[in-house]
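Both complexes below contain subunit A, partnered by subunit B and then by subunit C.
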Partner chain A sequence: MTTNMFIAGKGWLYTLDSRAKLIGLLLFCIQVFLPMRQIGVWFLVLLSIAVAIRSVGWAQAFSPLRMVFPVLLVMLMFVPFTYRDGDSMFIIGSLTIATRESILQFSKFASRFIAITYLCILFFWTTTMATILATLRWFGLPYRQSLVITLAFRFVPFIAEAFKMISDSHAMRESTYGQKVHKRNRIKDIMPTVTAALVFSLKSIPNLAMSLEHRGFGRSNVRTTFRSLETNRSLFTHCALSVIICVLFWILFHS
Partner chain B sequence: MADNTNHSRQSSKVALKISLVAILTAVVVVFTMVPKIATPVVKGYISLCDVVICFAAFLFGPWVAAIAGGLGSALADLLGGYAQWAPFSLIVHGLQGMIMGCIALPTKKKNQTTLNTPVWRMALAGVVGMVVMVAGYYLTASLFYGFEPALVEVPLNLLQSGVGVIIGIIVAKSTVLAYPPVLSFMR
Partner chain C sequence: MMQESSISINNVSFSYEGYEHIPLFSNLHLEVPKGSHMLLLAPPDSGKSTLARLLCALVPKYQAGTFSGSLIVGGKDVTESEPWELTDICSLVCQDPQEQLLMTTCKDEIAFPLESLKVDKPTMERRVKESLKSWNLHHVGEANPQELSGGERKRLLLAVTEAIAAPVLILDEPFDDLDAYWRGELINRIQTSNSTVLVMASRYINEFHGTFDRYGLLLDRHIEVESEEDIVMRFETMCDAAFAPSKIEHLATHAHKICCEHVVALHPRKSMGELKPFTLHCDKFHLESEEIVALVGPNGSGKSTFSRALCGLDEVQSGTFSYDDAQVERKHLQRIVGYVFQNPDFELFLPTVKDELMWSIKNDLRKSKDEKESLVATCATMFGLNLNATVATMGYGMRKHLQAAIHYMLNRPFYILDELDSGITYAAAFEMVTLLKSRGAGILLITHDRSFAANLAERTYTMSKGTLIAEAFE
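And now, the complex of A and B:
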């Protein structure tokens, strides 16, 4: 199990400062919920997909669309029957399948959802987890909270591996190993696995606490950090660029 | 000398609390992403993150459950490619953990542990947590794709949190019996 969504690639998004990227992400995510013309939101979607293709390539760029496809299908099933105002657009016999209002509502929800998905995923694809944590620290996340997140990421693969091993060893003890098991038995079988995995995880807590204490954690002296983000003139330029792009979008496409 | 002893005791408590929250957060991430129980009708999956949130709330109280549950769910959403849900998972599961912890372990009684917390109190905490989780995710889904389409997720969320509460109660009791030192982590 990997704890990093970063994909090595090329493009201007990789060189943009992570702080500017985070500001831009937040501003765009707020903007799609404000009154905007539909064409503006769809333009944002197409622009995000184009940036994704440029940054990570064709194969990876469309994976968020595949992920949100089930949600779009659910929207397509429900929204036309919820919004019945306006001119009828699709009629079968005497039954109105979709009205103009329902198509506009579906377009609004779908474009908003796809835009936010791509904006968030582009941020995590083009920024390493260490840089994201350094960014959050720069914005004021306290040292202890960032240490908790760092330690959690460090232990996720370890606990995942342990869970798989415990799960396999419990399964091998069953007489039905290798056979198809009824779902009720699967739920029953998961109890000893979950308990064993939790006990295994809890046993690592005192060792981790001891390691932190040996490194002087909890004392009153000021902590230093190994990684930090440089603050130079380009930071102001990048942040200004993020804000200017968002404001430009708003000016062009607000309703 | 007394100051040094108090100081080292204080720093060891802080280190233990940090370690506890970090490990439980990692466990929530793993239990959200790794074990999946398929649901037959809607062809979806339910995860076991609610098991760990219940476990943390019943054993360690509201704050640990809130931070581990909220942060763990948010990190799992980030790693699973559902980053748009991460801030909402942080709030919903954080609230769920906090409210369950407040009901299950309401006071810092000296000898109150999971062993003597009655099952009805845990079940009550679980039910209230279920309502918070389902309502929170319904409101979040409504924000993204409307009130009516968001209703589709309600039965699945109810099933997931219901299974989580039942397994969480059983696992909390059995873990304390299997590993009694766990009760000293928060003292």
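And now, the complex of A and C:
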């Protein structure tokens, strides 16, 4: 009922301590909302993509872009009509489609959105969920809360996988060989597919709860731990490295 | 002297909320002595899974219903217990492994209940290692359970059970998904187990003979315990009567042929980062109209990878597929080969049986609405379905029937039936295959049950470590 986003790969991000990675992730996410030069955020996007290519390969590295594309499209449609100040850049007849200000705003929103998406996904791609759970507990979060947080991150990709399976199954029920399928029908078929995925997910929730309780979740005794993180000298080095990279980035690109 | 009971069911009645008029059990009685190994046979949709959940205090807590009676498991009153209080007393393996998998690595899956039971770390590490090795899963210890095959997932759940070592084991259709070797292993382990084992099954497979010391039949809301011979005879007579082969009209059709050559497909396990991902090799394969061909092989050998490639769901690295000697693209394969998924939940998505069946022919512009409705009604009768039944409340067995009916309506030239026989009786599976074949379809039957395959199939392919080999039945 749950799945992992972890992809086994190679690169320095896999060897970096998960606690250092979490600190770096939070610092970068905060930074992109502070006054920074646009070029800095786009540089962060490019850097994240480069690290993704190095870590999980070309084919996988660009999948987050495909995922965020619909949101970017919506931004592109609405931002130019929200920000009307500045010089006109695209005009059709007497209607200004986009101004300089709106393009800058779109660039700002898009770069932040892509950067945060990549940073988070890189964290999940290169850290196993068991390690994330251990990391949250190391930072003092109680077991129950840590489990709930990680379960959310496991359950959502599981629903996505179920959606893929259901879509595959529906694709198999299209018209017979030789018959044409209208695009209009395909769009109409999306709703039942989404409904099926939702029903499947809703049905999974009691199963998840049942399984948790059947496996002893809820007992009053203190749980023991199968995986725990060690605290040693390399942890300090990794955390320091993480903070230094973020500070350097800030010095270079803050406005 | 009276033997001490490990499972004691007394006067149990239960009905699901909203279905009070159709009680699932009424005045149910069963005593399973400590250390006994019992087989409880029951037709599909008779309440096996509900009974298993009742015994683990999961129902009516999570599936509301009206309950009365007394349930004692391992000396504990289940009706006054929370599920977590029974973790070290009673272990359950569900029919669908997907319902129970919680964690994102196999090791963590096994460790989770041990953490709950406050097992110390060295003991936990030892038990995790031993149970993984015992079920031959040590090489996938760090893999995501979602990337395992159906049989491997079932073994993982059995490994969890072994690590907990509870005195009572409830196994709901545990032999489904397991290949011949692991079925034999499970039988051996049940026979040598010191725990009380209650196995629930909807069909009697050859391996069961002489394995258990008690045999029961769950029928018409009651459980009857008799000798193995009596129980098996009654059960099989009942199944045959329920699905007496109907006089199936054979429809004349065009002869078709589907082939594939030199197919290579990859199936990587992302969480493992294997240097060499699982690779499927199929040198030659063909299937013709009205033919039933079996595909057998051990768990994780690549049967599903091959099936997904054959019906165009997954891309292949190289190789060609042809239909009636003309090469076809992947997307076209989806409309030539129907794939009856192992899990019915992935196929059923509309409110009623009628909606589901109508959906299959919605794009057929040559038929009028009345003709379509008439076809749907006929099909429902053939597969024993009630047109107005709500799909979400149907049992596993009936959902399997509906799956087959949907594909019958689709009228594809070829079908892949992925473990159609799991969770239903032999007679029902036989009937469904015969009905699908009656319209001239060629059928690739994936099963772990060699005797079922031998009774139906004319030829067989064996999948072994990713290589498809053609063989003939002896």
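Going forward, the second predicted complex is superposed on the first by the 171 of 255 C-alpha atoms of A that agree within 3 Å, B and C clash if a C-alpha of one lies under 4 Å from a C-alpha of the other, contacts with A are read in each partner's own complex, and residues count from 1 in each chain.
Please note the rule applied: contacts are C-beta pairs under 8 Å (C-beta built on N, C-alpha and C of every residue); 3 or more make two chains touch, one makes a residue touch a chain.
Predicted, not measured: the structure shown is a model, and the values here were computed from it.
Chemist: With both complexes superposed on chain A, which partner does A:253 reach: first (subunit B), second (subunit C), both or neither?
Modeler: neither
Chemist: Output check: A:105 vs subunit B and subunit C. Expected answer is one of first, second, both, neither. What do you get?
Modeler: After superposition on chain A, A:105 lies in contact with subunit B alone.
Chemist: Looking at A:79, would you say it contacts subunit B, subunit C, both, or neither? Reply first, second, both or neither.
Modeler: After superposing on A, A:79 lies in contact with subunit B but is clear of subunit C.
Chemist: Have a look at where A:199 lands relative to subunit B and subunit C in the superposition and call it first, second, both or neither.
Modeler: The answer is both, since A:199 touches subunit B and subunit C.
Chemist: Regarding the shared-chain residue A:212, is it in contact with subunit B (first), subunit C (second), both, or neither?
Modeler: In the superposed model, A:212 contacts both subunit B and subunit C.
Chemist: A:130 in the overlay: touching subunit B, subunit C, both, or neither? Say first, second, both or neither.
Modeler: Once the two structures are laid over each other on A, A:130 reaches subunit C alone.
Chemist: Output check: A:116 vs subunit B and subunit C. Expected answer is one of first, second, both, neither. What do you get?
Modeler: first
Chemist: In the overlaid three-chain picture, which partner chain does A:28 touch, first (subunit B) or second (subunit C), both, or neither?
Modeler: In the superposition, A:28 contacts neither subunit B nor subunit C.
Chemist: Intersection of subunit A residues contacting subunit B with those contacting subunit C?
Modeler: After superposing on chain A, subunit A residues 1-3, 154, 158, 193, 195, 199, 203-204, 206, 208-210, 212-213, 217-219 contact both subunit B and subunit C.
Chemist: For the complex, which residues does subunit A have touching subunit C?
Modeler: Residue list for subunit A touching subunit C: 1-4, 6-9, 128-130, 154, 158, 161-162, 165-166, 168-177, 179, 181, 185, 192-193, 195-196, 199-200, 203-204, 206-219, 221-227.
Chemist: Considering the complex alone, what residue numbers of subunit C touch subunit A?
Modeler: Per the touch definition, subunit C meets subunit A at residues 53, 56, 58, 62-63, 82-88, 92, 98-105, 107-108, 111-121, 124-125, 128, 142, 144, 146, 160, 270-274, 311, 313, 323, 332, 334-336, 338-339, 341, 345-350, 359-360, 363-364, 392, 406, 410-413.
Chemist: Can you name the residues of subunit A that touch subunit B in the complex?
Modeler: Result: residues 1-3, 5, 33, 63-64, 67, 71, 74-75, 77-79, 81-82, 105, 109-110, 112-113, 116-117, 120-121, 123-124, 144, 147-149, 151-156, 158-160, 163-164, 167, 183, 186-187, 190-191, 193-195, 197-199, 201-206, 208-210, 212-213, 217-220 of subunit A touch subunit B.
Chemist: If you look only at subunit B, which of its residues touch subunit A in the complex?
Modeler: Touching subunit A from subunit B are residues 7, 10-16, 18-27, 29-31, 33-35, 37-38, 40, 48, 51-52, 55, 67, 71-72, 75, 78-79, 81-84, 86, 143-149, 152, 163, 167, 170-171, 174-175, 178-179, 181-182, 185.
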